[in-house]
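When the chains are written out, they are named A, B, C and D in that same order, and each has its own residue count from 1.
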Amino acid sequence: MVLRYIFPISLILSVFFLALSSSAVLAEEQPIAFSHKLHTVQNGIACQYCHLYARRSFSSGVPPVSTCIGCHGPQEQKLVQPESVEVNKMRTFWSNNEPIPWVKIHDIPDFVRFPHKEHINADSNRLLDDAGAGCDSENAPRSLECKLAQFRTGGDERCLACHGDVRQMEVIVQVDENFATMGWCMECHLQVKGAKERKRSGNTMAGWYHAKELNKKREADIGLVNEKGYHNPNLLDCYTCHY
Amino acid sequence: MKKGLSRRNLFKYMGVGGATAVVAGCEKSSEKLIPMLIPPTDYEYTPHTAYKYMTTCRECDSACGMMVTTREHRAQKAEGNPNHPVNQGALCARGQASLQTLYNPNRHAHPLADGKQIPWEEGMQQFSAIIKAASGAIAYLGKPASGSEGDFVDEWLQAAGGGQRFKFNLLTQKSQIEANKIAFDHANVPEYAFEKAGVVFNFSTDFLENWGNPVENARRFTDMHVYKNGRKNKFIHISPQVSLTGAKADRWIVINPGTEGLVALAIASVIQKENGTYKFLKKYLQAYSPEKVAEATGVSAETLSELAIDAMEHGPLLALGGGNVSATDQSVETLVGVNILNAVSGALNKTVLFSDQTTPESSTHQDLTQLISDLNAGKIKLLIVDDSNPVYALPPSMGFLQALKKTFVVSLASQKSETTHTANLVLPALTAYESWGDAFPRNGVRSIQQPVMSTVNMFDARAREDILLSVAQNVNKKAFSENSSYLDYLQNIWQKIQRKVGDKRKFDSFWISVLENGGIFEKPKFVRASLNRRVASVKLNDPGMASSDGLTLFPTTSLLLGDGSGANKPWLQEVPDPMSQIVWDSWMEINPDTAQKLGINDRAIVEISTPYGSVQATAYYHFGIHRNAIAIPMGQGHQHSGDVADGFGINVMKLLPDQMDKAGSLVFVGAKAKLKLINEKSYTVNTDGNARQLGRDISAATTVEELNNPEKHSSGHNRPVEFYPDRSETAGYYKPYRWGMTIDLDRCNGCSACVVACYAENNLPVVGKVRTAIGREMSWIRMERYIEGYGDDFETRFSPMLCQHCGNAGCETVCPVYATYHNPEGLNAMVYNRCVGTRYCSNNCAYKVRRFNWFNYEFPAPLDQQLNTTITTREVGVMEKCTFCVQRIKDAKYDAKNLGRDLEDGEVVTACQQTCPTKAITFGNLMDPESKVAKNALRDNPAKRDRQYEVLAELNYKPAVTYLKKVNTREVDGHDSDNHGSHEQEQAHS
Amino acid sequence: MKKFTGVWGIFEYLDETTDSIEQVRKQGVQPTVLMPCPRHEIDHALGNPSSIVPWIALVFGALGCLIGYSLPAWTASDWVLPVSGKPIVAIPPFTIIGFELTILFTAIHTLLGLAILGIIDSFRFPIPNSAKKYTRFQRDRFGVVVRCDEARIDEFEAIMKKNGAEEVHVEKE
Amino acid sequence: MGITAEYNETAGKVVIDEQKGHPGIRATTLGYGQINDEMLAMLDKPRPSYYLLLLGFLMALGLGALSLAIQIDVGIGYSGISHPIAWGFYITNFVFWIGIGHAGTLISAVFYLTRAPWRTAIYRSAEAMTVFAVMTAGLFPLLHTGRPWLAFWLIPYPNERMLWVNFKSPLLWDVFAVTTYMSVSIMFFLLGLIPDMAILRDEATRKGKKLKAMIYAPMALAWRGTNHQWVHYMRGYLIFAAIATPLVFSVHSIVSWDFAMSSVPGWHTTIFAPYFVAGAIFSGLSMVLTVLIPMRAVFGLQDYITNHVIQSVSKMIIFTSIIVGYAYASEFFIGYYSGSPFERAIFYYRPFGEMQSWTLLGDSQINFPQIAFWLMVFCNVIAPIPLWRWKIRNNPLAVWIIAALVNVGMWFERFNIVGSSLQHEYDPSAWGEYWPTIVEVGITIGSFGFFFTLFTLFAKSLPPMAIMELKEASIPPMKRTEKGN
C-alpha cells in the first residue's frame, strides 16, 4: 500500500530533474536495416517519391509497403535485390500482410500541430534576405545559417533542414538533439521577415504612451500584407502550432 | 443506484498515466510508425485531411441528410447535408450523436446463440435452418422504413416462404393519419408550412423535439416566429404541459388533460360564427361554443374568444395537434377537432399542405396486440427483430416479453438492447454509417445512405440486408437471383427512380451524382384538400381527467433520448435535458402547488403508482404542468442496453395500460397515478446552479412594444471611457481578422444540438453522473436555462454560453505562465501544454466557461476512433475551453492561402453554428464591416443596436460574442419583482 | 595567520571591563572586546565605532529595485503576449516585483555583508588562539584583548590586573 | 506566577514590584551564567512524553503525506474542488498558514523597532513558527496545481522555449512575495541564531562533544563575540528589522490581491489588504499563544514567559480582533452600498444561505459557507471579547482556549473568503457547491502535523529563546553596584 505511493512521489521528483535535462532520441534499432543513403544518393530517389503526402498533408506519410514492393517485387518475381536478407524481411511482412513496425525517430509532441505541407510549400522569400548567407557547411553543417540555406534551396534540401542529412544516413537518426523542442522551432520562425519585429510588436511602452503612428510604422515593418495582397500568416502566435 | 460507469473507475491509474507520459517524453520514445500495406488507390487519400460523404441519418424516421467527415477512413464528425431540403445542413442533437451509434462500445461484437459467441457460418446456418423449419410462420418486427428496405423485407419474406412484416414505432402518427382521413380524405401526414403562418396554435405537440422532423420544424417555425421588421408572429401553446416546444411559446394556455380537441372546436366555433364559412358545421360547432366547453377545458370563455380573435386577426393560422400529451383514447377525435380548426380558419391548403405520397405507415397497436396473441398461440415460429426495441418500449402490461419466450427470436441488431437480450440468435448488423440504404421521408425527397467507412474493426458485423439476402439464397435458390448483394438490389431500385425523375444519363454517372448530392431532391407537389362533411358526426366528450381522483400521467418524449434509443450514447446522457437540466436520469415533472399540497419537495424520491405498475423517480418542480397531472419523460430505465444506459432512471412505460384509441394507436394518456413520498432527497444530478437569473440579464429579453418605441428601450450598457488604448492599436492585432460571434436568443430554442456538436468536434470527454454532480462536466458550450416569473405565467429562456473570447479577458491576466493570452486574431488562446493548472483563470472567468481536466479521461474503445485528429486531446491537469473551433479557422486559412487570398465571410463555420437548425449562431470576422456577424453585432454603431447586448457588459470584459435579446410579445408578470437587486441593475443600465 | 602578540584578560564585571578598556585606549591602543551580549557601556568605552553594513544594504537594495522593475519590463516586451487589454509594460503590477526584489536583495546582502565583514575583521583584529579556546566568553565573561608590541605587554597587563581581571594572559612569540 | 522585578538606578538594586506590570521578567535578576545554563538545560535529552508527542505529530504528517500521494496518484480530481469552485481547502490552507507566519516577523521586527521589551522571551519561538508556517504554506500552491511537476515554470529563468512568466498575474506576485518572505524570515531567524549557535558550540566544546561542536560551528559563522562583530551584527539586525517590517505587511497584502485583483464578487474589494494583514497578525499571535502556553508549562518557563507577556499578546489579539470584526462589518456595508446585485447576493449568501427568491420555490439549505461564516464570527469577534478583562488575560488556560478558538475561526475566515465567493459568482446557472473530500481533510491535518513536527523538533534542538537577548535584557554584572558604592 505504502509502496504504491512512494512511486508517484519519487516520480515527481525525478520528473522535476529530468525535465531540466534534455535527452533526445538519437537512434534506435529498426525492424529492417533500411538505408536512406543507398536509396537517395546511389539510386537517386527523391524524398517525396516515398514520403508522398508531405506536400499535401500535415504528415509526410511513411511509405506504404506496396511502395517498397513496387520496386523490389515479391520473392518469386526476383526483381531488385532478390537475395538481400534485409529486403527479404520486408517481403516477409508483405506476404504476411503485415505492416512494418518502424520505430518513430522524429517524434513531435502530441500537443503540436505541425503541417508538413505548409513547410514544403512555404515561400522562401519570406525568410530574411540575409538568412542562410553565413553558412559554413564544412565546420558547422547543422548551424542555424546552414539550415536556413537548405530551407531556402527548396526541394529535397528543404527536408534536410530539419531532418539532418538523411541522404548520408545508413541508419536514420535524429541529428539535432533538441529536435522539435520549442526553441528549436522558434529559431527558424524568427528568421521570417518581420518576425522579430512582431515578437516585440507592442513596443515596450505600448500602453503608456501608446503612439498610433509608431504602431503604423511597426505594422509596415512586420510585413502584414504580402506582395500578392493577402495577409501573411503570423508565425509567432501560440495558436500557430498549439491547438 | 449505480454510480457512474464502472469502467471509468475513479481509482484507476489515471494520474500516473499523465505523469509517466511526461517521463516518456524526456526519455526514450517507443512510438511506432505503422505504414499502410497498400494505400487506397480507388480514390484520393491524404492523411489528416477531411473527406466528406453524403449519407442519411437513421436515428429517427425523419431521415435528415447527413454529411460525414472522415479522416484516415474514420468517421469523425456528422454534419447535416446542406443540399438536403429537409434539414438543409443542420442536425439535431441525436443526429450529432449518431456517431456514437457507430462507435458504441456496447455494440454486438459477434454472433450470439443463446448468449454464447458463435462463428458467422454457424449463425447463418442456424438462421437458414430455422427459416426452413418455420415454413412461413415468420414475423419480421422492424422499424418503419420509408425507403427500399421495407419492400426488400417484404420480398424477402415471400422468398423465405411467407410471413408478415410489422413496423414498430412507439411514437406512431397513426391517429393523425386516421384523423386526416376522416377530415380531409387524405390518409397521410401533411407538410406544415410554418413560415406562411401568422399565428401558430400548438395543441400539445412537441414539434421541436420528436414530432415530425424537429430539425425542419425548428427551421420553418423560427422563420415564422422570429422578430423581423419590427414585428413578431405569435405562437400559442395550448396544452396541459410545457415541453421544450412550449417553452418557446409567447403564451401558455393551461387546459385540462385531454381537452385539446374541445379547445380547438371552441376556437373554431367562434371563428365560424364570425366568418361564416363551412355552414354545415354551424350547428355542430355551436355545441362546442366557448361557454359550453369552458368548464371542461379549464379555459375561460373570454380566453377562448381572445384566441379566436388572435387567429383571425393575425392569421393565417396553423393549428398543430398530436404528440404524446394529447394521446388519450379520444386522440383521433381530438385531431379531427384540430383539423376542423385549421379548415374553419382557412389554414387548410395555406399552412397545412397535403401531398399525394403516403407516409411510411407503422403498424398499429392493434397489429402488435395481434402479433402478441399469435405468438402466445404458437402461430409464429420465427420472429426476426431489427434495431427496434419493443421489449423496452411497449408497456409490460401487454405481455410482449412473455410472448417472445414462445417462439424463436432472431435479432439483427447492431446495438445491445432489452429485445436482443431475449433473442435466441443474434446476428450483429452494421450501422447506417457502414451500410447501404435509402430513405424517402416525404414527397420529392429521396435520400441515399452510403457506407462512409469500412466497418469498425472491433465488431464482427454484417449488413442486415446482406444477412437476409444470403440467408434467403441459402433457403431458396431462386430468391434474389439478380442480386448478389443489397447494393445490387438498391441500384435496381434507383434505376427505376432515375427513370421516374427523367434523368437521361448513364446509370453510373447518375449514381455518382446521387452519392455526391446525398440523394435526389425535387420540389414537393401538393394537392388540394377540403373538409369532409363527415366530421360533423365526430363527437368529442369531456374526458374529465382534471376532476377525477389521482394525477393524470403524461409519458412525454425525451428530446435527447427519443423513445429510448439514445440512452446508450454517452453524449446524450451527459448533455443535460434543456428543460430540467438533469443528466443521466429520469424525473417526474410536478406542479409545485400540487407537490406542496402533497408534501413533496423538489428532488424528493416519489413512488408513482398506477394500476399497471409502479416506479420510483425524482420529483422535479415544473411550473409548466397542469396541477392535476404529472409528466415523466421516456427513454431511461434500461436493463440490458449496455453500461451507458443500464441502471439510470426509470421506464415510464411500466405505468401504462394496454389500451388503444380508435385508430388503434397506443393510448399514452389516461392512467391515473398516485404518489407516495419515499425519500426527501434523491441523487439527481442537474447542471444548473440556479434556475433564476435574479435580474442579472444574462439571458435577456425585450418586447416588441419596447423595440418599436426607441425611447422606451435602453440601448444597453454604455462603454466607459477607456484608460488603456484598444487592443486593435497594438501592432499586428486584428489585422485582418477579429473573430466574433452573435447568438440570436430569439432564434435559439434550446435544442442542445450545438452542445453535442461541440462534444463531437472537440474531443470532449464524458465524465459520468457522479462527476457531473460536482460540476466536472466538460462541455465547452452549455445551454443555460433560466426561468422567469411564477406559476402558470412563467417564461423559460435559453442562452448558449461559451467562451466569450473577451478583449479584456479576466482569465488572461491572472495566468502566471501566459498559458492563455489574447491572440492577434482576437481569440482567447488557450495553450494546453503551457498550462500548469492553477485554475485561477476559471475562478476569474465571469462566464464560467473554462473546464479543467481533473483526470486523464478515457475514451473507451472504439469511441477513441471518433476523436478529432486535427486537435490536441487534453491530459490531466490542464484547463480547456471553447476555441471558436480554431482548427477549422486554421484549415480554412491554409486553404485560402493556397488560393492566394484572405478568408471570405462564411468560410469558417464553427461546429455549433454549423448544426444549429434555426441559424441562431453567426460567426465571422468582426473587422469586416460587410460580414454577417459584423452586421448582426453592430458593434461600431451603438445607435442602431436594439436587441444586441454583451453578457455582463458592466464588467468591461469586452466579449467577442454578442447576444441578441429574445423578443417577447408581452411582459411576463413577476419578472421584475422576483428578485432583489434587479432594480439597481436597471439603473446601472440606463 | 600571523602570530599574536599581546595581552588578553578575562573580566567578570561589566564596569571593570569598561574601566580597563578606557584605560587601554588612553594608552593609544584600541582593544578588541569579547562579550556574551552587546552592551552600550562597552560601545561608549570603545568610542562608538560604526559599521558600513547599512551602506551595503542601501546599494544592493537599490540594485534589487532596479532589477525588480527591469526584469518584468524586459521579459514582457521580449515576446509580446497581450493579456486582458493591459499594456505590455504595466508599471503598477511591476512595482510589486520591484518592492519584493528590493527587500530580497537587501536582506541577502546584509546577511552576507555582515558575515563577510565579521570574517574580515577577524583578520584585521585577530584574537589569540588561547582566547578562542576559552569558552566562557559566550556565557558570562567579558574579555579584553590588546594587541601590542612585546615591549608594551607589561603595561597593559598591569592595567587589566589593576581593574580586577580574573585572569590575564600574555601572548608572545 | 511570575514576579515583576526591575533594577532601580537610584536605589542601586533590584526592586521587586508585584503590582507593577512593567517589562520586567524575573530573568532580569538572573546572572548571565544562570540564564545560559537554564536555557541550555532545555535542550537536554527529552522525556518519553516528548517522543510520544512527536509521534502524534508525525502520524498526522504521515496521514497528510499519504493523502497527497493518493491525490497525485489519482489526479487532482480526487479532491473536492471542481467547477466553479476551483480553489478550496488548499488555497484556504495556504492563506491560513501564511497568516500564521506573520506573528514571528511581527514580533521580532516590528516590536524590535518599537522597543517592546516583552518580545524578548518569545521572539525566537515565534520566528521559528514563521519559518515553519511559511514552509507549510509554500507547499499548498504547489500541490494544488493540476500538474505540480511543471510548477517550476512559474520561476522566471531563461529557457529554450524563449518564454517568460506573466508578471501581471497576482499568482506570480505571490511567487515573489512568498519566496522573498520565506527567504527573509529564514535569514532573519538564522541571523538571530548566530550568537546562540556560538554559545552552543562553545558549550559543546567545553563538554568535549566534538561532533556537536562541528555541527554548530558553521551556523555560528565564526562568531566570537568581538566588539567588531557585535557592531556589524547589531547594525545588520536593525536593517533586517527595518526591511522585514514593510515585508510583513506586504506579504499578506499581496496574498490578499490574489483575490482582490480578480473580478469575483466578494473578492474584488479594496479593503482586502489591511483586512488580510490584520487577520494574519491576529491568527499569528493566537498561534504563538496556542503553542507557547503549553510549552511554558512543560519546560517550566514561567520566569521567562511571564503572565505579562501573555497579557501583552492578548492585548494585541483584542486589537486585531476589533480590526477584523470591523472589516467583516465594512465588507457587508460595501456590499450593500455598492448597489451591485452580485456583491449583495454574495454577502447575503455568506451568512444566510440561499435567498428564498433565488431558487424556484425557496428551497433553502445550509451549506458549508454558512457554517464557516458563523464559526468565523463567533471565534474571531465574539470569543476574544472576554480578553478585555484583566482576570481572563491573566489566566493562561482561558487565554489558551480563546487563542485556539481564534485559530479555528481564522481558518474558517479564509475558507469563507475562498470557498463561498466562488460558489456564487456572476452566472447563476453556473453556481455550484463545495464539500471537501477525505484527501483534502487529510492534507489539511497533515499540514498541521508538518508544522508541529518541525516546531517540536526545533524546541529540543535549537534554543527556543534568544539567550543573547535575554542576557542583554538582564541586569549586567556590576561590581560597584554589588559593593554598594
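Convention: a residue touches a chain if its C-beta (ideal position, glycine included) is under 8 Å from a C-beta of that chain, and two chains touch if they have at least 3 such contacts.
Because the structure is a prediction, the values reported are computed rather than measured.
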| item | value |
| --- | --- |
| Chain ID, smallest distance between chain and overall C-alpha centroids | B |
| Far-end chain from chain B, centres as C-alpha averages | C |
| A-C compared against B-D, more contacting pairs | B-D |
| Cα-centroid distance, chain A relative to chain C, in whole angstrom | 60 |
| Centre-to-centre distance between chain D and chain B (centres being mean Cα positions), rounded to whole Å | 58 |
| Averaged-CA centre spacing for the pair chain C and chain B, given as whole angstrom | 81 |
| Approximate Å spacing (C-alpha centroids) for the pair chain A, chain D | 54 |
| Sequence positions of chain D contacting 2 or more other chains | 72-73, 149-150, 162-166, 168, 172 |
| Residues within chain A bordering two or more other chains | 8, 12, 15, 19, 22, 201-203, 206-207, 210, 238 |
| Chain B, residues touching no fewer than two other chains | 15-16, 19, 22, 724, 730, 810, 813, 815, 818, 821, 834 |
| Chain D-touching residues of chain B, taken from the complex the two chains share | 10-11, 13-16, 18-19, 22, 592, 596, 601-602, 621, 688-696, 698, 771, 774-777, 782, 784-787, 801, 810, 813-818, 834-840, 842-844, 846-848, 850-856, 876-879, 952, 955, 957, 978-982, 984-985, 987-988 |
| Residue ranges of chain A in contact with chain D within the complex | 2, 4-6, 8-9, 12, 15-16, 19, 22, 178, 181-184, 186 |
| Footprint of chain A on chain C - complex, ascending | 73, 77-82, 86-91 |
| Complex contacts: residues of chain D adjacent to chain B | 71-78, 80-87, 141, 144-147, 149-151, 153-154, 163-166, 168-172, 175, 258, 261-264, 339-342, 344-345, 348, 355, 357-361, 363, 422, 424-433 |
| Residues of chain A touching chain C in the complex | 199-208, 210, 236, 238 |
